[in-house]
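In the two complexes below, chain A is the common chain; its partner is chain B in one and chain C in the other.
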Partner chain A sequence: MRHELEDIDPAWAWAPFGPSDEQPWDLRLVTHLFRRAGLAAGLAQVDQALESDPQAIVAEMVERSRLAATTDQPGDELSRTILASGDSRRLSAAWLYRFLNAPEQLLEKMTLFWHGHFATGAEKVNDARMMWDQNTLLRKHAVGYFPELVHGIARDPAMLVYLDSVSNRKSHPNENFARELMELFCLGEGHYSERDVQELARCFTGWEIRSRRFRKNRYQQDRGTKSLLGQSGPFDGEDGIEIVLRQPAMPQFICQKLVKFLVCDEPPLSPRLLAPLVSEFREQGFQLAPLLQRILGSNLFFSRHSLARKIRSPIELVGGLLRALGGTTNVVEMATGLAGIGQGLFFPPNVKGWDGGRDWINSSTLLGRANLVQRTLSSPKTRFQGAGLAESLEQQGASSPDEVVQWLLERLLATPIDQDQRAILLSELTGGTGDREQRTRNTLHLLSTFPEFQLG
Partner chain B sequence: MRYNMLATTSATTIEPPIGQPESQFMISTKSTVTAVYAALLLLGAAACSRAATPDVPPSAKLLPESTVAFAWVDSPSQLVDLVLHHPLRERVESWPAYQQVMEADGLVKFKSGLSIFEAGMGMRWPKFLKQLTEGGLSVALDGESEGMVALVCARPENRAGENQNQAGEHELLGRLRATVFSLVRGGKPAGAETDPIATEDYSGQTVYSINGDTHWVTLDNWMVLTNKIDLARQVIDRFREEQAACLADEPSFLNAVRQRPADGQAWGYLNVQAVRESGQAQPLMSGRTENVVAEALLGGIVSNLQHTPYATFDLQVDSRGIEARLQTPHQNDWVGEDRAYYFGDGGHGTAPRLLQPERTLFALSTYRDLSQMWLRGGDLMIDKAVDELEQADTQLTTFFSGRDFGDDILSGLGPEIQFVAAQQDFADVLPRPAIKLPAFAFRTRMLTPRETQAEFRRVFQSLIGFINVVGAMQGQPQFDLDQQPLAGGQLIAATYVAAPAQRDSTSAAINYNFSPTVAFTDEHFVLSSTTDLARELATGASSSDIVKSTLQQLDNEEPANSMAHLNGSLLQAVLKDNHDQLIAQNMLENGHSREEAEGEIGLLMDLLGLIRDADLRLDADASRLRLTFRAAVTEMNAPQESAE
Partner chain C sequence: MITSMNRRRLLKSSVGGALALGVGTQVPRGLRAAASVLENRQDSILVVVQLSGGNDGLNTVIPYTDEAYYRARPQLAIQKSDALRVDAETGLHPELSGFSELLQDGLLSIVQGVGYENPNRSHFESMDIWHSCRRKSEPRADGWLGRFLELAEPVNATRSNQVAALHLGKNEQPLALRSQRVQIPSVQSVDQFRLTGHQGDALREWVSRLTAPSASPSSAAGLASSADDLLGFVQSSTSSALAASEQVDQALQDYQTGVDYPDSALGKQLLTIAQLIDSGIQARIYYVELDGFDTHAQQAATHANLLRQWSDAVTALVRDLERHGHGDRVCVLSFSEFGRRVAENASGGTDHGAAAPVVLAGGGVAAGVIGQPPNLEDLHDGDVKYQVDYRQVYATLVREWLGGDPVPVVGQDFETLPLFAAQA
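Here is the complex of A and B:
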């Protein structure tokens, strides 16, 4: 069956979105943008965004993230302190804290994207410092120059430990990293042969990790001629990476994955529809910032093909809820809870990272997602702008039950609910058990169990 | 009739205080009552300063004989006076964190509520409290009704001749009732039609029930507040009938009262026998635990609680600090053979002196025959814990080359146990760990020094080798072993060899807090987390004068079964060493911003700075078991550095 996405004009899809009478720049589109380019819009951001226009906001978002990527941020200090404990699980909480509080949400969202792309698990690496150094590398290049990110990751101790590639001798070339570089990181299946894996592995001989640092052991380097992806020569590791990066499949592969992450889970966009994006990525020299600006500001991004067309990941589900409401909580418990439903930061499930989409939801995780929201809302550590939820909403102008429900629906849902569901929320808010604060929190929890709440 | 009965009012409708609009009384019904009730209960647990002779507290004559727990504070207002006029108050009020707390939303609301209450009472709260509790405050738990009751006496009984103020006291209790009931009515949920205050007449007395779960009676100059209507009725019965059996007639209670110190300011009684017979504390009274450390610390006390008829508590507070004592009758034959390890033969086991190295943060000395405790584990622990102990025994026996851990190894050590923790000085040390832990050490006597020394030295070396092998696999730094001679002994130290990248680090891994060391001198064995501390303990290097004087004061007292000492200012210093870690932890676990976290941690530091030191002693003799806790506040002229 032909999907309606097949009929979309690629030129229209990636052209800059401009508000119109049919599709005005309203609360729904504002919250959509901030939800996809981060966890959610902060309380103050929404009004500011409504006063501006989408292209200006996206441009500023990308530029600020680009600048923040190369400067020391307040979250760095917290992470460095936590590193002293050597506990990767606390480091996970430190990143979560940063994610919830960072003004440059796009930078953190993209760091999360690359963490899933270049998946590395702390459980196996067993070194919090290495994991944090990798995270810093990902953040530094998250909206930067893609080839530089790939070169960095190829020398990253955490990645090489994770892929059992701490040593790579010319007598026994280690194929792990070579295979993943082509299959998972740059090209995708079907764009290389088994012979290419073996030849690329020869390029990386002599690349080792010793005492948690990358080094080249010149005595273990295979200086012979390699035949890789149609080229021959005495290539070393850097040459091998460059050859992979110059493959036509690379920009297609990266654009496809980025669109899935930012625009819609399914179906995969056709090469025809992706073509303008791929061309731009190539023309911009594989710079990520212009690519992101193009995607987030596009007609397709603000169309019905993107709105509510993604299933919220656990961190988007709970983190988004907190951020949209100005909430704070015990992030150590929250990080543990996220890991319990499949998204532990620094603890991806395997080398392929998180599949996302429908894989976030099954009978077990659905219950777990609701329970995590419930635990978060019932925690005495969870506050909203330093106060109770009811009081915080009142400060936002939502006092009556109708206003409270309306406010929650507008800020938290990507798609409307029907009147019956709305009545259920109102009934909980006005006639549920407990005091006003308890009823408000119960109502929010009830909302989080609606199928519509699972869509981002 | 024990008390003069006065005509009681049967007011069922209480108007708000004049001049106060209804809206000002919109305070939650439950929270108002709970707050008043909780305040009374808290005051019951606190103390004030008034010397008293050990008479039976008058409130005991109003309580049923089934009373299980009883606490009495002679004059709560004096405690409040002490806090309000304490020399440290000015310092506390100057803290930035104190200012933040006072401006916090919750406290502002509380102060607002208090103002409304004061307006209703027509006086400031300290004056009100003084008048209300002039005759003392008692709190009790009744075993039969399972109810709690607070009794407040607005005039001491022994002032019976001073009747000129009696009318005023009744007016005060009446006004308090009117004010509280107005607040309760003002705070009832919108739309609720029923009056939250109900009344009942019992034996000519009006019992007011608030929301059906709190009951209020005024009996002459007594205010009675309880959560069980039956208990309220029992108090009324005893108020009317002089012959009714009451707590004051109970032999166990009377025995306890006779032991009450004459200078006690607050006093409590617990009928342990009743608790035992009720089966309420079955897990504790069974005497078997799953926690080895809990057994070592509390096992002897549990043996006592299995037999003792009652326990008492008394408290003294003054501007220099507090002293609290928990006492029970004691007999040596109450302690079975299985817990002979705790008190020693005939109950004569005494703790050695407290260790006192430089920067002593915490010191603990105790008498415990560890070998006996280990071997009697099957009698003391629950089955699961026994299984774990047996596993540990097998592993340790393997580690000690097949020599039985309990029988051969622990039996080589004397029962005099000393533990100490001291702040480390990292000023000139590199690599300097980011998390700075105190050094700690364990010291005991070797019964057979020659054999024990050889065994322990070999095992320590094996252990360090094992750690090096495992550490190497995990990329951890390696230990370098060194042996140094000591006067009359030997010191074996393991020091981390810093990786080149870590050598000059000022935020190194937590490992660099440790240089595990064992020291042997004549008959003593020291196991320490650092070489410096081991050497200091082995050679008896002198401590600072202030630590010495405090610890010597403790040592000069009667021998004790156990003694512990905590230095408040050094605890503050250790936490300051780890200030950044505490801030980070607060941010993550409370979701606070850095500013909020710094405020909270700052307040914690400031509060710790108020405690000069604290001590705990456990004494046991042929007739008494006593646990004494003392805490001294910082002297006003002591240097105090703000955490800010």
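Here is the complex of A and C:
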């Protein structure tokens, strides 16, 4: 079956979306935007957003994330305490706390994107400070200037430890980082040769980590001529990175991956459809903010090709549920739970990061998802706006069983369920076991086991 | 695209315990002739028990007639009178009484001298070699079992949403199971396969509705057709998962082992595996670890204790599976990253060595000892030389037990070993 995406006009796809009678600016589109540009809209955000228009909201969230990239955020205090303990496992909880509470959700979402892109595992690095410093680097440039992010990651101690590249000697150039820079970070397979890997590795000779810091060892630097991607000269590491960044494959590779992360899991967009976005990225000098603004404000983003076209990652699933309901919980337990179903923050599965999409789902992770929601909801530490779930929903104007179910469906689901499913939810809410609070939580858990709930 | 019919078929296969891996789809070209053998192998299962730390092979399988063994190990050697006799040259450590009985019942096979060229004595490096079948200079993105599972999964079809393999344990997932495409869960307990909560009737109603044969995917009006694909995928995965959960629940309630598993972590894990196998869960590979074999000092008591844990637990599993009618389709492979030096050290222990025996157990194995006892007069740098490349063991397992093409799994063609009884 060929997908209709093939027939879409690329110019239309990336043109700014304006609400129409067919696609009105309603709850469905508002929750979609906030789910993709973060975990979910907070309770107050939804009403504000409905009063505004999509282009203004997207512009504001991008700009505010850009400004927030270098300032302190919630969770920084907590992370400092954790760093003092040196426990990498608890780092996960620190970032999660920040993620759930950060007003600039897009900034955290993009930091997560780059964490998966420049995947580095705390298990191997085994140094909480290094991992947190990398996280800070990713956040600082998450919506900034892509080349600066790449230059930063090339000198990042955690990355170089993770890729076994802490020393790089003239007599024995380390190819690992050079390979990943082209294969995973900038170009993708097929856009360089084995020879390019060897030559780029020579550019990085003398780059090393000593005492947990980056430094250049000029005695180990190979000053000879290198032939890299069609150019030759006595290139050093910075030159090598610049040459890679100037390859035509780079903006295509980055745009493709960003679109998969923000717009739809599948199918991969054709180069034809991506072309306007790729041009924009190039024309903007590889600045990420205008690119993100273009993607999140586009016709394609608000079309049926994007709505419910992603499988929620574990953090989107549970974190999204909490944020949408104004919920708070024990983040240490939640971070452990997320790791159990495949998304330990600071613990990506391998150098490729999380593949996402259908790879999130199997029998064990699906049950794990439902069980994690159940554990979260049954924990006394989980509160909603400081109160019980039923009370909190009532404050939102959802009192009767019909209103409660309707409210949950509208805020939490990206795609509708059928009447039978709705009836099952209603019967749990009205006729299930336990008091009203218990039944409300059980209904929410039941909803989380629905296939529709896995789509975001 | 997953239609409701596909969903029914998936569901049926999960309930019926038949197979998630379509017959024929993954049969490599060169093996089509052996299709009938392979068909019988669709439901074969491999349980891997990794002995971490470097198990002392010489004190596991004892060359009790070899004077050189007793010269090299004045303190640690197992006396001829203590060894459990296997044949005229070979005995077992006295704590391996379970294995000794399995051997007599035709359920155990010992492969002598398994290792590889230029052995590496680093735990991590040698373990990575055993897991990935690759040396340090080569990229190690995946492991041998991961590659097998990837090849066994129908390409392009609806991604198999069944659990293809399972790692039980608290440790990081072993590299052996890593693959590019197939996600393998690591679970600490079987509870991760049960749906928790107290919804009672509503949940049961919902489960039965979703798993009923007449269920159809809810029509999601206004969404692009491929959105239905994604939703269809999640729907069929959910019904499989819920069916699996019911199966496991049922299995745990009903399961009567009738066998005494040792009260150890390994014993509990292997009992769980027996329950899962009996429940009809379709994982083909199970992976567990027993750690502590790095016996540099005061080895005797520690090693004896570890061997007892290992032998008792594996023996219980094999006996249990026999009783439940799964004996002929489950093979238990035990290996370690290396053996230990021939000579004991000054601390009453042994240091990192090289080749060592590998043990297979189960109803399908050709019982007995394969290969010669180690030649202790002809050592490599103080270590036992290998007779059998570990990849040859893997290749035989893949070709003759699991029913796959070993070449892409282990990296090259190897002659098979006579490990299995019913060889075609």
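As a convention for this text, the second predicted complex is superposed on the first by the 454 of 456 C-alpha atoms of A that agree within 3 Å, B and C clash if a C-alpha of one lies under 4 Å from a C-alpha of the other, contacts with A are read in each partner's own complex, and residues count from 1 in each chain.
The definition used in the following text is that a residue touches a chain if its C-beta (ideal position, glycine included) is under 8 Å from a C-beta of that chain, and two chains touch if they have at least 3 such contacts.
Just so it is clear, the structure is predicted and the values come from calculations on it, not from any experiment.
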item	value
Contacts of A:24 with chain B and chain C, given as first, second, both or neither	neither
Touching partner for A:329 - first (chain B), second (chain C), both, neither	first
Contacts of A:248 with chain B and chain C, given as first, second, both or neither	neither
Comparing the two partners chain B and chain C, which touches a greater set of residues in chain A	C
Which superposed partner A:266 touches (first chain B, second chain C, both, neither)	second
Which of chain B and chain C A:224 touches, first, second, both or neither	neither
Partner chain in contact with A:428 - chain B first, chain C second, else both or neither	second
Which superposed partner A:285 touches (first chain B, second chain C, both, neither)	neither
Contact set on chain C toward chain A in their complex	1, 141, 159, 161-163, 166, 172, 178, 181, 183, 185, 187, 192-203, 205-206, 209, 218-227, 229-231, 233-235, 237-238, 240-242, 244-245
Parts of chain B lying in touch with chain A, wherever the complex brings them together	105, 433-435, 474-475, 499, 501, 507, 509-510, 580-581, 583-584, 587-594
For the chain A and chain B complex, residues of the former touching the latter	74, 78, 80-86, 90, 93-94, 97, 101, 126-127, 211-212, 327-333, 381-383, 387
Chain C-touching residues of chain A, taken from the complex the two chains share	1, 3-4, 123, 265-267, 304-305, 307-309, 311, 340, 342, 349-351, 358-359, 361-368, 370-371, 374-375, 378, 415-418, 420-421, 424-425, 427-428, 432-434, 442, 445-446, 449-452, 454-455
